[in-house]
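The same chain A turns up in both complexes below, where it pairs with chain B and then with chain C.
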Partner chain A sequence: MNKILGNKKAYFVFVFPAFVIYFVMAFIPIIISGYYSTLEWNGIGEKVFVGIENFLELLKNDAFLSSVKNSFILAAASVIGQLIPAMFFAIVLSRNIKGEGVYRTIYFIPVLLSTVVIGQLFLKIYNADYGALNALLQKLGLEGQDWLGNTKLVLAASFFPIIWQYIGYHMLILYTGIKGVPAEIYEAAQIDGANEKQMAFMITMPLIKSTIKVSMTFAVIGSLKLFDLIWVLTKGGPLHASEVPSTLMYTTIFTRMEYGSGSAIAVFIVLECLLFYFLIEKFFKVDNLTY
Partner chain B sequence: MKSIKLSKVLLQVLLIAFAVVQLYPLLFLFFFSLKDNNEIYSGNVMGLPQHFYWSNYENALLNANVGYYLLNSIFVTLVVILVSDILACMVSYAIARMTVKINGIVKTFFSLGLMIPLHAVLLPVFIMLRNLKMLDTYQAIIIPYIAFALPMAIFFMIGFFQTLPRELEESAFLDGCGIYRTFFQIMLPLVKPALATISVFTFLSTWNEMMFAITFINSEKYRTLTVGIMQMVGKYTTDWGTMGAGLMVATLPTIVIYLLFSKQVQSGMVSGAVKG
Partner chain C sequence: MKRAVLKKMTGLLMSAVLVASLAGCGGAQDSGEAPATAESTAQESGPAAEDNSGAEETAESEAAAPADGEAVTITLWSQFSDPNSTDGNYVAFYNALESIKTDMPNVNVVHEGTESESYKVKLKTAMAGNELPDVFFNWGAGTMAPYVEAGLVLPMDDYMTDEVSARILGGTLDNFTFDGKIYGYPYSVAVASLYVNTELFEQNNVKIPETYDEFLEAVDAFKEAGITPISLGEKDLWPGLMIFGIHAIRMAGAEDFNAALMGEGSYNTPELVEAAKYVQDLAARGGFGESAMGTSEDDAVAAFKQGRAAMMFMGSWLNGDCEADDAAVKGKISVIKFPVIEGGKGTKDEFHGGSGETFLVSSSTEHPAEAAAVAQYICEKMSKDQYLAGSGMPAWEADMGDTSELNRLSQEIANLTKDATGYVYWLDSLTGGSAADTLMNEIANLIAGAETPEEFCANLQKLNE
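Let's turn to the complex of A and B:
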């Protein structure tokens, strides 16, 4: 038995194919990205080693700084705009309300849609001339706006679908967490005279802290590396007004052919994500609960 | 007692209102996929279509080639699911069951992948594919998709293998069954439910992936739905109906799979959240 399960050749056969693909397509490229970030290179010509020059230049680059600021705004908006409604609906649905399963299924649908589809859809909703939003506003007697063309509105307009899409995801994560809390705890609380609100704040939320942490991590890190929706809606424009680091990375690499500088942004995104991952991990020190 | 009833009604109203918010954009899409431009430009953007222009679908599928992109997407997604499922099962079985010293390192190595965002590898993989003359081929997206489906699938499958009883394997080994036969004939059939979950997860991330697809694929022949639709935009910006029909075609398979496997989808996505 142990001899069979300790068979090194079989182990190799099982692990090697996946190892190669993963190593070549994920592991090595990360290291290469790090290397590229120290170069001045347009992808075709000579590679010039510049050390940390690319990173220092980023710190002086207004477009980059505002893209980072925008991603922080999005992270904060996501935590507030996704987690609060998600928590509310998760708590409501977990209390055996009528139609629980149907609502859960419906709320989750936006999560499944491709960002390309959602992006195109919201382009039609925001369309300045014939869009649904302006049509609605006109019916209400209000003035329509050029939602994605106005530098003051574009950030809010492009963040809205992003936040909207994932509320159902967080709801499901939190809902699953809440369902893991034993019913006896609620029964005991009810006998002690606790009302629904007290149970939500004093029992549910403290007990599902580790689930909230998962949701929080997902909302923050997802915001920091967001690319798709902004790319479809605005490509970061107009005038960098809706730029986020990953869209700036993309145009730096593929439009401006600055491979070194673009890679520096890529490295920045990875480090930023790791940093926030550990920060949330630290602030949310959770003891593993067993019932 | 009355106040409890009232708050229950209020809650239901809230729940329904939120359901409308979640569903309306999709409904809006369905509606305008059936309209012609006249109707949209004359003010009926939001409501039910007055005439149902099913020809928009014909136009999207045939003239705008969305039907072909759909087939490409199905092909790419199926290959990715199949290969990543098998590879992930093999690795997870080895990690969960076998007693080889480097096990811990191998596990850590693969779980590091849960943290890697696609952006971080975009340019190096692009250059690698360019040097290998593999840009603009099916492999150009299939191989990276497999690589990035693996960590999640392995992470999930290890957990599942660990819950299986060891007796079946033990008796198979005693009967003289080798490790490969035991794996393929005894263990694989047992992990089918977990495979369904992980396949659905891989399906969603592959079907909807955009950054790699628009970067590595260009020519008509290899375009998946995401690339195809992004390219359609230029040509069909003003033709709302055809665009809408294309978007509906891209969305329908996901919705059908969701309605069929909603339990697996939900559990797969929840475990996927750990990935962050």
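Let's turn to the complex of A and C:
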């Protein structure tokens, strides 16, 4: 095994096919998007080189600025709203409770559902006329709301299913990390008289720090580039209130036919995600642990 | 050390992959065009190889050609790709293609049909390569303008006799007219009118509105009764265009509003500000119910179909929905002209909608006279047949024969529009691209009360500067 790991040619052989696919499918489009972002172009006619003007225009575009703000709110909400419940479920499930497998599956089901299915489900729940949520509120004597049509409510209403959907996903990542912690450590702690809460905070969490970092990276990057569920629920509306950068990019390119401006948003999303990746990497120093 | 670097690189690669799935979207369109073109090329040869009726037809016309000796071959492209479709326009087109063989023996029409999305790409490619057919289907107004500006389309004025133009119904040529020259013949008129649920009007003792004041009284009465006055799916944005469109037509008149939309006039006029005020007031008094901003067009149509809304301002394609067997409102819907607004320049005979599809003649055709005759023949023939097939209103005068089987609402609309003096076409199709998107978003702002009518008109005027 060590012989293989020390062999640079073996690295090359294993990495090369994947690298070629990523290069063609990911890096080249990013570079092309970068090129488009310097153009004023409607997708058909003449391409006019405008330099960084598209980016300067974005800074003056209220819809874009509020979409970036929304994506930051979502990133923060995801980290808090996904990782904390996910951590709780993961710790509880990993303590060899009865029906561990069943609960693990139940919590993971939302991840397996297609985003469009979840979107349609929540469209029906939120519907102002016949939605389940308003029916419930009215039963309780409260007033129903137009959840996806009210600019003040739409952000919270559309973020809820996004956050809800991926709790199970992060739970599974963290659960796997916890299962990797040797049982002897817990046994030793129990002999020393530690209770479950102490074990969770003093042993489990510090030991799975690298797994938490992975979860956090996924939650943040996933929020910054989110498109699908917002598109199904609101298309960024009403009045751009639930707009995120990727939905704005889509309408800019495909509805407004402004390829340059839309590509500038795409480039922004790439750079933003890379920046956050490095920030998490920098502020989340992890020691290499060996048990 | 080296391993740490490698680890970092792998991490970088991973994160790049995470974001790349999105960034790919921006570039995808470019690479997407190539396959689409390839597809349309494939389809080009498709009908000839596979489509029996197409092959048959070519063979027949070839057989007819030697008999005449003078037959001219006219190439014809359209988006009507499927001869077996039951869509009214398709049926009408293939009827015309069949009858032209006997009615115009001096031409041999060779047709190539391509599915609509591919058709647009195919047409643009052909224009770039200067390989346009003699006659081709196209949409009017904003879609057509770049082609006309590039000199790719032949004006029809020289071929259009007074006798022909007398048969064309008023206002239907607007979207094919540029700088006073007519470039295409109309073949159908899709028109928006006010759909009213007569049962709800009777039950609530509300008068079917003839004036705008009565219209507002009806709105208030239905709101009082807990019924959505006007069903509007503003979540999809384009339905709001129609509401503003008809108010602008009533206030500014079709001519001035068209001028503003085409960039030749101004949005900053007292009439359009007034129109915007009416729309905003209508929304503020609950005319569109409590939740129009979050309602999709599908939900809005469903609400009207189920009798939960009293009125809807929509295009004639709603006819089928209202008369469908599963509609709770079947037989209870009537269509009326949108009421005139007092003090406005528009009359009751100016309509929203219009004729926006046509057949154009390429300016590089070798047989301009024959090509123009073919375009005219097909449009006139289709006008009648697509009406009988329940698709849109006719654009030409014709004896319709037995219309007892026709959709009841289609007949009512035909009656309403027979004295039409002007049309404003669908605002999004008319303007296209970023202008259409700006219009939709500004109107949503207006309806939601996020900006004043004055700001609204000033923002629209930026499109014309």
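Quick note on the criterion: the second predicted complex is superposed on the first by the 266 of 291 C-alpha atoms of A that agree within 3 Å, B and C clash if a C-alpha of one lies under 4 Å from a C-alpha of the other, contacts with A are read in each partner's own complex, and residues count from 1 in each chain.
Keep in mind that, in the parts below, a contact is a pair of C-beta atoms (placed from the backbone, for glycine too) under 8 Å apart; a residue touches a chain by one contact, two chains touch by 3 or more.
Because the structure is predicted, anything quoted here is derived from the model rather than measured.
**Q** A:150 contacts which: chain B (first), chain C (second), both, neither?
**A** second
**Q** Tell me which partner A:251 touches in the superposition: chain B (first), chain C (second), both or neither.
**A** second
**Q** So, A:159: does it touch chain B (first), chain C (second), both, or neither?
**A** In the superposition, A:159 contacts neither chain B nor chain C.
**Q** Just chain B (first), just chain C (second), both, or neither: which does A:269 touch?
**A** In the superposition, A:269 touches chain B and chain C alike.
**Q** Figure out whether A:128 sits in contact with chain B (first) or chain C (second), or with both, or with neither.
**A** second
**Q** Which holds for A:64: it touches chain B only (first), chain C only (second), both, or neither?
**A** Neither partner.
**Q** Regarding the shared-chain residue A:277, is it in contact with chain B (first), chain C (second), both, or neither?
**A** both
**Q** Could you look at A:36 and tell me whether it touches chain B, chain C, both or neither (first, second, both, neither)?
**A** both
**Q** Can you list the residues of chain A that touch chain B in one structure and chain C in the other?
**A** Chain A residues touching both partners: 11, 19, 22, 25-30, 32-33, 36, 43, 217-218, 221-222, 225, 227, 246, 249-250, 253-254, 259, 262-263, 266-267, 269-270, 273-274, 277.
**Q** With touch defined as at the start, can you tell me which chain C residues reach chain A in the complex?
**A** 6, 11-13, 15-30, 124, 146, 234-235, 237, 290-295, 299, 303, 308, 433-434, 436-437, 441, 444-445, 448, 450
**Q** So in the complex, the part of chain A that touches chain C is made up of which residues?
**A** 11, 19, 22, 25-30, 32-33, 36, 42-45, 126-129, 146-151, 154, 217-218, 221-222, 225, 227, 234-235, 237-240, 246, 249-251, 253-259, 262-263, 266-267, 269-270, 273-274, 277, 281
**Q** Which positions of chain B touch chain A when the two form their complex?
**A** Residues 8, 11-12, 14-15, 18-19, 21-23, 25-26, 28-29, 32, 40-41, 43, 45-46, 87-88, 90-91, 93-95, 97-100, 106, 109-110, 112-113, 115-117, 119-125, 127-128, 143-144, 146-148, 150-151, 154, 170, 173-174, 178-180, 183, 204, 207-208, 210-211, 215, 225-226, 229-230, 233, 240, 243-244, 247, 250-251, 254-255, 258, 262, 265-266, 269-270, 273-274, 276.
**Q** Hey, which residues of chain A end up touching chain B in the complex?
**A** Residues in contact with chain B: 1-2, 4-8, 10-11, 13-15, 17-19, 21-22, 24-30, 32-33, 36, 43, 85, 89, 92-93, 97-99, 103-118, 120-122, 124-125, 130-132, 135-136, 164, 167-169, 172-173, 176, 214-215, 217-218, 221-222, 225, 227-228, 231-232, 246, 249-250, 253-254, 259, 262-263, 266-267, 269-270, 273-274, 277.
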